[in-house]
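Take a look at the structures listed below.
Two complexes, one shared chain (chain A), two partners (chain B, chain C).
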Partner chain A sequence: MLRKFTLWAASALIAFASLNFELQEAPGDKLIGVWEPSNGRARVKIDRIGTKYYGRIVWLIEPNDPETGLPKTDKNNPDPALKNVPLKGYRMLKDFVYQADGTWSEGTIYDPLNGSTYNCVIKMKDKNTLDIRGYIGVQALGRTDVWKRLAVQPAKK
Partner chain B sequence: MIRLFTRFAVLALATASILAACSGGSGDHHAVQIKDAVVTLEGPLFAGPNQGQYAFKLDLAKELGSAYTEGMTVESARITAVEVASADSLGLSSFRSFVVSLASDNADVAMQEAAFKNPLPEGASRVSLDVSPEAELGSLLQQGTVYLVLDADLAEDYLEGSRSLTLNLSFDITIKS
Partner chain C sequence: MNTRFLLLALGCALGSFHVDAQTDTASSEDYSLYDNLGFADSGAKRFCSPKIEGLSPAKLISLGYDFQGGYAIDAGDLFAADGTSLLAPGSVAQTTATYGLRAGFNIPVISKTNIVWQMGANYWNTNFLYAPDPSSITPNPLHQTLDEHGIRTAGVNTTLFKPLDSKQFLLFQGSADLSGTYGASLMPLDYLKYSAALIYGRRPTEKKQWGVGVARTYRVGEINYIPVVLYNSTDAVNKWGAEVLFPARAHVRRTINPRNMIFAGYELEGQSYRLWRNPASGFELRDEELEIRRGEARLRMVYEFSLKDFIWLSVQAGYRVNYRFDVDRLVGGTEIYRAFGLLRDDAYAQVNGLGNPFYLNVSLNLVSP
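Showing the complex of A and B:
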């Protein structure tokens, strides 16, 4: 009887530990949230997919194309098949890997104004401020923009 | 006569080589389908882009059956069709556009947009997306877990709960032994 109970307790403990592991936040999750670039013209929501981090445009100060009056699309995308993808919702930050020192690297940032993609590294200065550095080749030859976290926090999963 | 035959044989061999080169290499092509992948957009949902995902692993042994031999890998892959349908009774009328991308955990393999539809046809309960012929997905499908990511643009808030959509995808994959 005691052996049966011990086995049951062990199974329950393992099941609970697995569940807890699933629900556990990753150390890099402090990046998750809605952020605004310094020009204030867009807002980007950063989420985790698998173990990497991605950011989508969720708000634009000017959502419609002044020429057509229709919602803006990614008309500068180098892939002709994707020029009609809506800009609102576009994933402009891709594939960032957390490096355990408040830095996310290995990712890219896309500039919809010219259709170019740059290497990018994100550094968290404080919990509400990011340095976003886009560069080609070496980091020294790049440009840094400061992004601020918006007060609205996404619901925890 | 022998000389004529030799010339013919050389010509046939050269033609066969050119045809093989034009067909894109020596790998075998296979059609692979991901059926009824249910993607849930966790509510409450606000107007604008909302993201859902579905994780899968490509099991070559299962897909190829008796044609599979040990050591086979994906050389290249293209998406040939993507269909999105509503998995609940609400239909697709509240959605404005869909974008489907693939991602993996490998730091060396970038996320790739594969298909989209903008705008959606009015009144449709299922929709075929426009696929990107330039999207090379081979390196993504070589990874263990592949994340199928759906970005769905909602026309208005839906605060009553979550929404579920079903995806069917077809790939043309080239296998190397």
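Showing the complex of A and C:
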């Protein structure tokens, strides 16, 4: 009986520890939220998983493919196995690590319009504005896009 | 038993992280939650982007080679400044090829939602391969100059995109070029040629932008001020499009996929080339200031595709149609603004004719994100 209880307690402790690891607020968590790229065509929700940050598409201005009328998929992905993956839910920001200098780096950004993945660094200009710089090898060879934080709008009277 | 169970529990806990981190799509979710969102910062504004969907990728770095087949160059009589004294009689010589390097880069300096600024530089080198050596058959200085020195252009350029709101924008493009028969050392900066264009545009949808403006250009060889029209569009299914900056260039685009595109259209090329310190070839600058006014149209097909990731190969083939290759004399050091003959009709120092060859251009490009 004691042995069973010990086992249950140990597994519960591990589960709690891992949950706590996930929920405990980290310095980089100010990145978490829903953001809109400058073209306004998508909305991206950024979350933390473990110690890294990921962003997935949660809204598209044009959710359906005009050619097929079906929900858009990642049809421009060079990997044929991924062409049928739905764009909604697609993880386009991956593996960002919060750094001591206040940036999130070591991650990648994926552009579904051309199927390319770029190195990327994220800087927070203010609490509602991100500079997202996709680049090729060195940051000089890149382009910065400005993303704005989104929030639930108060209902119109 | 205890240890095994603990390891299993730990493995399950860590494994759940791993799976989440590597999966590209999340499990089903009520995405309608994200429909009614607005900017958290109530003062934030939306601005239109410089690009439209489906547009061919911008080239950050380009290294290319341009080759024209053989053609005849009919060099006219060369007259002195009085317009009547013959300095050199005209003659026809044959080239077997015209070829050279074309390199350029274009780097974003500022890239914000409300302003985009890019700087770039370019170098074009054109060599003329005569057969036989023109000095053996004619004393005409044009042939000797082209044979010995070729022509080249080195310049810097800048592009400024200023969105006014989510639909309207201003676009400014400017460049300063040194063009001439100079060699390893550049010519004095006094000989810089400035070109510029200012366009007001609208971007009614994500797949269309248009604009109108004015340009100071050397595209037809000599200085001109002309109206310009910008029009870029992509059809609903991203298969066809147009990329136009009239009159400089206009292309129809067929998108096989975002990494394979075919274009058909034309581009006007031109510049004024200072004939610089070539006393041995007859164009002596001690008392003459002469420039070649080169203007040509390139009717072409272009195939651009991704070799690997961001490295693209561009292959263009077409027909080069000469519009002007005349030698002009500067009056008091100032170039003549003829306005297509409407303002002035000063005679050129030398009126020349070029045959029209097929040409090929191949370039390796690093394209922008």
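We adopt the following convention: the second predicted complex is superposed on the first by the 128 of 157 C-alpha atoms of A that agree within 3 Å, B and C clash if a C-alpha of one lies under 4 Å from a C-alpha of the other, contacts with A are read in each partner's own complex, and residues count from 1 in each chain.
Quick note on the criterion: contacts are C-beta pairs under 8 Å (C-beta built on N, C-alpha and C of every residue); 3 or more make two chains touch, one makes a residue touch a chain.
Since this is a predicted model, take the numbers as computed values, not measurements.
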### Task
Report the partner of chain A that touches more of its residues: chain B or chain C.
C
### Message
Going by the contact rule set out at the top, does A:27 touch chain B (first), chain C (second), both, or neither?
### Response
neither
### Query
Touch check for A:106: first (chain B), second (chain C), both, or neither?
first
### Task
Classify the contacts of A:40 with the two partner chains as first (chain B alone), second (chain C alone), both, or neither.
second
### Task
Please indicate which partner A:50 is in contact with in the superposed arrangement: first for chain B, second for chain C, both, or neither.
both
### Which superposed partner A:118 touches (first chain B, second chain C, both, neither)
second
### Message
Tell me the contact category for A:82 with respect to chain B and chain C: first, second, both or neither.
### Response
both
### Task
Identify the partner contact of A:97: answer first if only chain B is touched, second if only chain C is, both if each is, neither if none is.
first
### Task
Look at A:59 in the shared chain and tell me whether it touches chain B only, chain C only, both, or neither; answer first, second, both or neither.
both
### Message
Contacts for A:148 in the overlay, against chain B (first) and chain C (second): which applies, first, second, both or neither?
### Response
second
### Query
Which chain A residues are contacted by chain C in one complex and by chain B in the other?
49-50, 52, 54, 56, 58-59, 82, 85-86, 88-89, 91, 94-95
### Query
What residues on chain C touch chain A, complex-wise?
2, 5-6, 9-10, 13-14, 16-17, 20-21, 23-27, 29, 31, 33-41, 44, 46-47, 49, 53, 57, 60-61, 107-108, 111-113, 166, 206, 236-237, 257-259, 309-310, 366, 368-369
#### Entry: Partner chain A, residues of chain B touching it in the complex
42, 44, 48-49, 51, 53, 55, 96-97, 99, 101, 103-105, 107, 110-111, 113, 116, 118, 130-135, 145, 147, 149, 151, 153
### Query
Okay, in this complex, where on chain A does chain C touch?
3, 6-7, 10-11, 14-15, 17-18, 33-34, 36, 38-41, 43, 45, 49-50, 52, 54, 56, 58-59, 61, 66-67, 74, 76, 78, 82, 85-86, 88-91, 94-95, 111, 113-116, 118, 126, 128-129, 133-136, 140-146, 148-153
### Task
Can you check the complex and tell me which residues of chain A touch chain B?
47, 49-52, 54, 56-59, 73, 79-82, 84-86, 88-89, 91, 94-95, 97, 106, 108, 155, 157
